[in-house]
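Below, each structure is written out as structure tokens.
Two complexes come next, and they have one chain in common, chain A, joined by chain B in the first and chain C in the second.
And now, the complex of A and B:
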């Protein structure tokens, strides 16, 4: 386990050395503050549009950070040939996969924490109330969802040839699931056979990442989601994360390391 | 010629070039503005597609009005097609129809959908206790993108003056709507309500509603589907105002006009009969008053 954490620490350090997070954070803050400075009918209490814009930017930024950081981990180790001394330590390939995942996931968690603190400050300063339990719930579900995304991208990075193609494909898949995942069964029912069965099979196979997008509950000040449901959703995400990491390891353990 | 002189001459040449270009482009830029009905950059950049974005912004206002509970394009039931439910009174027929329309969530088809409902907003609610202000940014954006969309002005004014106590802002927004849509009887009708209900300026309200009626008569009778409900609303408001002012004869005339096209004329006919009785009573009373001789 120490090996895994040592690998993860390197990945986290890499995140705060790179400029991706800072650029995205400043952009998010700048756009949010600019939008917040707009006055509508001389009413300073209007806040929901601002919360929506800020959370949208947080989601886009988090996805970019998660996919961007995960996609280059294993390919860059191979490209720089640092994978050879790493595996000679001795570190097993499973530990490499797990260490990279833990590092990327923790790095995403740190970035998310910063983003949500900023969101909380902006939202609280406008509305005057601080639903901390709700922020914690939204942050947790978001982070759990990013775990699946990171595992998916790591799996992609041992399958696809280049990090750019992997990142693009994963970004399209994740966005597709977030936008259409919830409605795929309805679409399937309207299609003729065998397309209907194929779509329904895809519907049951894909990880339903859209469950974790609970921004509307914060934007529209709805009550908390049941903690039991959150726990079940966490188990569901953990199962998919484990499955994807296992698939990544299966491919990686037989993969030649020479480029 | 020294080097400095050459540089100055090049600078002068460039300045004259830019000045010439500016004189050439200025009239064209003005023409772009006229073509877009307003001087905003959005109109020049987006052209007619801005109407699509304006519709989207208006829909977003409706989504906010329902606190996120709204049918997606995949749901069987279509989204509300008009904005009447946004200004409907509680318990009215419009509100009841809207409640039925918004009952779009069917029984979950599978365990994924059933579990996913925990992470969706599944309750139909409307904004209240001052939170109605949250729809305003989208309405303002919608008006900016499509200044010819009448609903935007009337809906925004309704909430501004009725729930948020921002009567001056509502009036300013309606006047902006009037500038962009000088022939709109709907905006005039809403402006009349503002004068009548909020400012208690009945005389001004009467003039505005009379103008609204004229605008309706100029545009709607030739239309394929004339807005008869709109005309009825104007006529009834005018009749109430005349009745309140003691001009019962004029009030009867307005109600008779409304009854001719109303989908439910029976109620109006009863009101006419009551007013006629009242008028007859007042004439009899006048005739009973002994003369000064």
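And now, the complex of A and C:
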């Protein structure tokens, strides 16, 4: 684990020395503060809309950070040939995959924490309500979901040649799952065979990332999600993350190091 | 004497670009032995198979046939690389890190005890004369400075074997002299150094033994002094003769 954490530290350092995160954070903050400063039609529910907009921006920004950071990790190691001095040490390719995953996931966690603290402050200052346990649940589920996304992108990065094509494909797949994932089984019911079976297969194969989108719980001040359900959701995401990382390693272990 | 590097009938073949072409044989049944405390020069023209052999030793490429061992451990086992230092031909490091951070990162990978890390980094920074720039990102370094960072990272674990791929390529005469001094120093400390170079004068100065390969085949291996006695020539002449260079043909071609 020592090697994995050493690799993860480098990934986190790379992220905070790049400008992507700061740009996204400032953009989110700016849009939210601007929206918050305007009183539309003197609507008393403005705080709810503000929460909705802020959380949507947080979700989009988090996806951009997770996909962008993960997509370039292994390809840039190969392109800049930093993989050579690294693998000349007692480091296995599995540790490289795991280290990159841990680094990206931790970096996403740090970014999320900053975003949610900002969201909490904005929301709390407007409503005077501080549901910390709820924020913690939303943050945790969001972070766990990003773990699956990071693993998926890492897997893509050893399959697709260019990081940009991998990032685009992963972004489309993740957005597709988030928007359509929950409806696939209903669509399958209405379709004739064999399309119905294909859609069902896809429905049962894809990681259901939309289950982790619990923004409405915060926006509409719902009661806390059961901690048991949270634990099950964490296990489900961990299983998919593990599978995707294993697939990434299977491809990477025989991959020539030169691009 | 303990064998540090050993290859047994090592063969490496690459898949051809087009399916009709035959497989390219980069290394043909190479048998090599390097003993503890030796400075061993691995020579050959471009495309001879030197880097491929090094890549097998470092675990980057898998051998098609035969075997390779470091410290009697199969090179496919990552632990075989615990006691080695590797300096690539060009500098390939994380440019957003400072030299100190890079060394700390590699020290962590080698599990260098925490109480020794700072002392070791201080020593290496002084050795490669980068103490003044240790807090600066590597991207701000000149080529020579980057090569010296490379040397420092290769020594972070106090290795028993150093594998250097053309360590002086691209360095100015002063830089070359420093690298040569460091190799000499390591030799005096009893370390084993395995390096490839096109600077034959340099090889003649620092190496105990050399091996010359051409087109993937080992042509000759032996002590530098013995080879010079046998061929009655300096290493450069021996090298040219062994790889089949004919001055008359070259003149005609020109």
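In the analysis below, the second predicted complex is superposed on the first by the 253 of 259 C-alpha atoms of A that agree within 3 Å, B and C clash if a C-alpha of one lies under 4 Å from a C-alpha of the other, contacts with A are read in each partner's own complex, and residues count from 1 in each chain.
Operating definition for what follows: a residue touches a chain if its C-beta (ideal position, glycine included) is under 8 Å from a C-beta of that chain, and two chains touch if they have at least 3 such contacts.
Just so you know, these numbers come straight off a predicted model, no measurement behind them.
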Side-by-side fit of chain B and chain C on chain A, or clash: fit
Which of chain B and chain C A:87 touches, first, second, both or neither: second
Chain B versus chain C as contact partner of A:47, first or second or both or neither: first
Which superposed partner A:185 touches (first chain B, second chain C, both, neither): first
First, second, both or neither for A:208, with chain B first and chain C second: first
Touched partner set for A:222, first chain B, second chain C, both or neither: first
Partner touching more residues of chain A, whether chain B or chain C: B
Chain B versus chain C as contact partner of A:253, first or second or both or neither: neither
Distance in angstrom between the closest Cα atoms of chain C and chain B, superposition on A: 41
Residues on chain A lying within both footprints (that of chain B and that of chain C): none
Contact set on chain B toward chain A in their complex: 64, 67-68, 72, 74-75, 109-110, 112-113, 115-116, 118-121, 130, 133-134, 136-138, 140, 160, 164, 166, 169, 173
Partner chain C, residues of chain A touching it in the complex: 2-3, 5-6, 9-10, 13-14, 17-18, 80-85, 87-92, 256-257
Chain C residues touching chain A - in the complex, by the definition given at the top: 58-61, 78-82, 84, 86, 88, 90, 92-97, 101, 105-106, 108-111, 150, 153, 163
Residues of chain A that touch chain B when the two form their complex: 38, 40-43, 45-49, 141, 182-183, 185-187, 189, 203-204, 208, 210-214, 216-217, 219-222, 225-226, 229, 232-233
